[in-house]
Amino acid sequence: MSRKQLDMTLLVLAVAVCFALPLVITSPTYLQILILLFFYAYLTTAWNLVGGFAGVLPLGHSVFVGIGAYTSTILSNQYGVSPWIGMLAGGVIAAFVGVLIGKPTFRMRGAYFALCTIAFAEGIRVMIENIDSIGPIKINGPRGLLIPLKGDSFWNYQFMHKEPYYYIILTMLLLVVALTWFISRSRMGYYLAAGGEEPEAAQALGINVARYKLISMAMSCFLTALAGTFYAQLMLYFYPKGLLGLDLSFEIAFIALIGGRGTIAGPVIGALALRPLNEFTRIYLGSQLPGLHLVIFGTILILVMLFQPKGLTPPLARLYDKFAARITGEGGAK
Amino acid sequence: MALLSVENIDVFYGDVQVINGLSLTVNEGEVVSIIGGNGAGKSTLLKTISGLMPVRSGSITFKGDRIENQPPETIVERGLVHVPEGRRLFSLMSVADNLEIGAYIKRAFKVKDKTLRQVYELLPRLLERRDQMAMTLSGGEQQMVAIGRGLMALPGLLMLDEPSLGLAPILVKSIFETLRKIADTGTTVLLVEQDVHHSLSLSDRGYVLEHGRVALEGPAAELIDNKHIKSAYLGM
Amino acid sequence: MNILEIKDLTKHFGGLTAIHDLDLHIAKGEILGLIGPNGAGKSTLFNCVAGVFPPSVGDIRFKGESIAGKKPWDLCSLGLARTFQIVKPFGSKTVLYNVMVGAFLHTGSTSKARDKAMEVLETLQLDHRKDQLASNLTIADRKRLEIAKALATDPELLLLDEVMAGLRPTEVDDMIAIIKGLRDRGVTVFVIEHIMRAVMALSDRVVVIQFGEKIAEGKPEDVTKDENVIKAYLGSEYGAA
Amino acid sequence: MSYASIGKRLLGLAAIGLLTAGLSGPAFAQKTIKIGNVEPLSGPSASVGVQGKQAREMAVEEINKNGGIKSLGGAKLELVYADSKSDPTVGVTETERLINTEKVQLMTGCWNSAVTYPATQVAERYGVPFVVPVAVRDTITERGFKYVFRIAAKDSWWVRDQFRFLKDMQDETGVKLKTMALVFENGDWGTGFAEKWRALAKKDGYELVLDEPYPSTASDLTPVVTKLKAANPDIVMLVSNAADAILITNTMAEMKVKPKVTVASGGGHADPKFLENAGKNALYLFDEVEWNTDVNKPGAKETNAAFKAKYGYDLTGESVDAYVAMYVIADALERAASTDPEKVRAALAATKLSTGPAMICSYDSIEFDESGQNKNAGIVIVQVADVNGQLDRVTVWPKNARRAGYTPVFPANK
Amino acid sequence: MTAVIQAVINGIMMGAMYGLTALGLTLIFGVMKVVNFAHGSLLMVGMFAAYWLIKLTGIHPYLSLLVVPPLLFFFGYYMQNLLIKPVFRAEQQVREPLTVIIVTTGVWYVLDNLALMLFGAEYRTVKTSITGTSFSMGDFIVSIPKLSGFVVSVATAVGLWLFMVKTRTGKALQATSLDREAANLMGIDQYRIYNLAFGIGTAIAGIAGCVIMPFYYVYPSVGVVFDIRAFIIVVLGGLGSIHGAMLGGVIIGLIESVFSQFMPSTWTEAIIYAVFLVILFVKPSGFFGKKQDW
């Protein structure tokens, strides 16, 4: 078996296992945990397009989750538009907003950029919390929006069981991972990586670095907003502090940093490492030791930054290379 | 025994070797020049001696003690002072404060007022400018501050990296006159320069560096007429 | 025909004049050497030509068209590529990846870019290093990689900024051969170089600048005999000694 | 490719791990009836969450000690808790977990309206009866849900009674109050109250001189108080969470802002910490609560004494609601004689509880209307007063519940 | 009009304290070029330290100024030495070490949640002899704890400035901030200077904790309230500038206090973010200076 065949086999196997899981795991609670795991992996992968490949550190991505959730929910609650259509609308708006803030901020150096994204996201949150309605559009301020129960309906993006949500987010995750994979092997990916690493050299090679960063920002924001709609339909309720707050933005960034910024598997590995930890410590230790999981989060983050500043993916990839070499009998790759 | 002796050192930037089995010595009271083209490893050599760069192998001995791979601050304490390339003044601090920082190490700090008087005597221009912000000085004046700052540390060996860089000829001349005066006080000087003539006329001995190796060494007077240098610089 | 013409170029940085009233031209197919002591303004001139800084005064024409104020990426698309004195490889990526970044200028296809990059790497005899990380290369190979990236954009005019600094004599000889080879393939070359032997061997014509002004221009062997040049290089009193 | 495939591999492993965990849960014996409770046990509202938890525990202990649910063979009630952290998302997730994994037969919670609102929707979706002891947002019971019941009054009633109180007191004392200022935390709760205040103020002819939301995380409330001082209202209406209640009261004292009447809405003002920290600055403040220690009901004093002995502090409106909720559930289970959700729901809907320990509440019986709202839920207004040198909360309204011998100080500042 | 002047008085007093909360941040940035995301958490640690000290010993709240800042100094000093120095060493060549920012974010999460585990989420206030006291000046009322906070803030800023320009160590801090390598060549151990900068920055957060405690409350995530504001202040004033931080603080204090006389106070927060973004876009170096000035 060649290395390529081995990779393909394992990949297909893993995807098959993912699709088969709901057949075995019937507990909605565990499905919910998996759904949230995929949800975070998806968000982080989308974040990674700009935070990883374009080499900046955005810390306000929750605002785009919010744009997605608000757009589709307002459209469906007040105008009866299917959330599936609202999802795309939210994506487009988010992409537009992303470009709007990306344009002036991409000039800035690292810390300024990070601070700027935080300020923007917090500013939007505060604004939304202060607005009850804009003309006929009900924003509901800090109370957030609730999506009325409409029963099982694909068109309304509502399901009484967890499985459909599971398959939707799994598909979304696979698509976005495939997209990242595709991009990283295309001109766009090469240009982003080059611009992130040595902007001057990249410009000298004919790359309009700022433009490519904006494109990646637009894509990242678009994809992030889609997840916002998914979240809204899964929970049927959201409110500014929870959805637009810094916690979500930071968690996305943490997952990426721990998993490995700028790698394809990083977000998935990060989510796999952190989400279950989050859920299980909350369930089993939550009321006795509130905050424990965040202490562990922070500690892991510090340790990873101290000892594996590129995240967990590179060492795991080396392990996998060794394993693959043994299976295929080929020498270690590269 | 030599004041400074560098023996067979290898220095790398990442995986790239920039200094290759280089050895040199500086004796007490001497002025020694290191000359060579861009990328020959001159600045790296000084940075290595002053502790900014690690050596991978070989040894550096100063006043009989091994100092390779020690942090810069302890090397300065021993009296080995490095005036870096490009002057590197504390741009938003006054001339006086720049000089005072030069006397940061305890040994020098105790007598800083006395040293400061001596420096002002040597470089009267700085006395006039003492309250001015360093960034507002002209290039020549800045170089004077850099040298003065080095002297404030009471150097047993003063290493200067291209003090004439980017200066107009008239200023180059005055810098070398200053260096002459410093040498005349008995301070040992290790000078890295691309102004071959000036530096060699000031020096007792010289080393020519190429590709991180010593290509040529000898008394300065001999080197000054050496054809090799001309060819290295002018391709003749 | 002149591929590049610089007229009355002046560049100020705050109060400092880095380049003053400089005229310069390069004929198509020529190799022009630009020399001068450290701090003379060579890199600033390069940066003005390559679009990093707009000129304060004066004009720069490339293929007859004014390019003053154009951005580096636009110039690259026009056929003007450059290398950096302090090489800037994409260190975490392989050699092939680095060159492909350049090769993508004229194609959106990954496989075409790879073919182009391989071709360039072969030209520069760097193909055996294609899978190495750029950060692990030796100086000589980094310099070559720097040229390879620029070359992959198919330039008509190539600005080389000290690509020989730090090379061993045999490596310098190799590099001279490579650059001459480029010219034979129709690329016009503008080099900044410190190693005089190389400049002499390479250049059709040499321009010498000091303090931002041109102090000499002409055939290499004439320029090195120029009093001003010797003074500029070896120190103000060297000529007299 | 290689990274992606590793990721997928690990994902598979994790899934297998989860799977085993999922299957290994023991089958549940039907000796006990599990009640799931989602409460803010950490986060900004943790103290009320803990109060509710302890009140529930006391009630369930009593019920179990008295033989449990007799119609179900003396089945015992068992409380299962989950922490919402005051975060609706966590609340929803935890409600789902309690229903699906812990297999609870009933749910209660969640104090925060913002959490209760979506959490009850989850219960409705799964058809699990959800008894809301307290969470005031009107719409919780106004969505046509079948499985949601609320013990406490909803916010429109709270607001209605605040205005009734004002009117009654003015009639009683002959003092005329004209101007009113609304100052409220800008969360779900405060903005909900404010909306209704505005309508009633208009109806009752008060002139609104200030309508001011403030963020409960504000580092300084002086700007708000400065504004209040400039507006100089007769009446200040307040909604405050925990710490901002203290901050605003102390800042008002500091800035010498003395409105004739200050009416708070429970929450932060009802927290035992409030009096401890605000001290004399809180004197003559009116606060609206569901219950007060001096409420004139049989058993109230004794229950409060037992609670205080156990946990070291007095019952509050919120904890009484939680306490009562347990008895309502026990009563319904007793009548349903089944744990079938549909039967329990029907029994809850038919509740008419007017005897027993639950009757420490300030009203005389518990009955749910069609929306699931307890139609008798009542509210009292207390005044912070100096009783024998000690600050106390004295019931003043409705007049028939007023502590004997106490004359309300109205207006507080002439 | 009275209300506006009253708002100005209050805005300046609060603003000076905001400046104080930002002072340590700006110092650390000035010297290390690191945005310390854990700064708010350090403030929280300072507030809890002050809280327990006052609560348990019953001393006058301002006596805590003698105990808490030195304690926090060592806390910051060793934290930098243990956690941040290694990253710094590894990223010596990087001009703006993002990894360090991330580590400080990790520290933020750990500290906030450790406090949550130890002390619970509840809001804690101390009732001190000066809480809620004030005096009148004509029509205007000045809160005593805030006035004291104002005085301490200004004194701290002046003290820090004097330290920076007058002492050997202060000058070494300045030198390191301007050119690490050159300072190193002067015999200044940059890592010790970083420890000191972190220690002093943390100690100032401790001072802020002591003066805020008498009129505010503490809870584990209280730092976030001040943290984001402190970021805004240092960017407004110019990262690294002492008087920039104080001025930035006063500007924020005034916006908060005066603007809220004309609009709901919830909007002032949004306005502060807007001002921040505008400054970032228009003049990223802040009101003060091209680089750092002290």
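Order of writing sets the labels: A, B, C, D and E. Residues in every chain begin at 1.
By definition in this document, contacts are C-beta pairs under 8 Å (C-beta built on N, C-alpha and C of every residue); 3 or more make two chains touch, one makes a residue touch a chain.
What you are looking at is a predicted structure, and each value in this text was computed from that prediction instead of being measured.
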(message) Which chains sit in contact with both members of the pair chain C and chain D?
(response) A
(request) State which chains count as neighbours of chain A and simultaneously of chain D. (result) E
(request) Report the chain whose mean Cα position is at the greatest distance from that of chain B. (result) D
(request) Tell me which chain's centre, taken as the mean of its C-alpha atoms, is farthest from chain E. (result) C
(request) Please report how many Å separate the Cα centroid of chain A from that of chain B, as a whole number. (result) 53
(request) Would you mind pulling out the distance in Å between where the CA atoms of chain A average out and where those of chain C do? (result) 43
(request) Mind checking the centre-to-centre distance between chain B and chain D? Centres are C-alpha means, answer in whole Å. (result) 76
(request) Return the distance between the CA-based centres of chain B and chain E, expressed in whole Å. (result) 42
(request) Going through chain A residue by residue, note those that touch at least 2 other chains and give them in order. (result) 126, 129-130, 290-291
(request) So, with touch as defined above, which chain pairs make the list? (result) A-C, A-D, A-E, B-C, B-E, D-E
(message) Show me the residue ranges of chain C that touch chain B in the complex, using the header's touch definition.
(response) 37-39, 135-139, 142, 162, 165-168, 194-201, 211, 220, 224, 229-231, 233-238, 241
(message) List the residues on chain D that touch chain A in their complex, please.
(response) 1-12, 14-15, 18-19, 21-22, 41-43, 46, 81-83, 85, 87-90, 92-93, 96-97, 100-101, 114, 117-118, 121, 124-125, 143, 186-188, 191-192, 213, 215
(message) Which stretch or stretches of chain A touch chain E in the complex?
(response) 57, 104-105, 108-112, 114-116, 118-120, 122-123, 126-127, 129-130, 246, 250, 254, 257, 289-292, 294-295, 297-299, 301-302, 305-306, 309
(request) Write out the stretch or stretches of chain E touching chain D in their complex. (result) 2-3, 6-7, 10-11, 14, 18, 116, 120-123, 125, 127, 131-134, 136, 141, 143, 146, 215-217, 219, 224-226, 229, 256-258, 260-261, 264-266, 268-269
(message) Could you list, by residue number, the parts of chain A that touch chain C in their complex?
(response) 185-187, 190-191, 193-194, 197-198, 200-209, 334
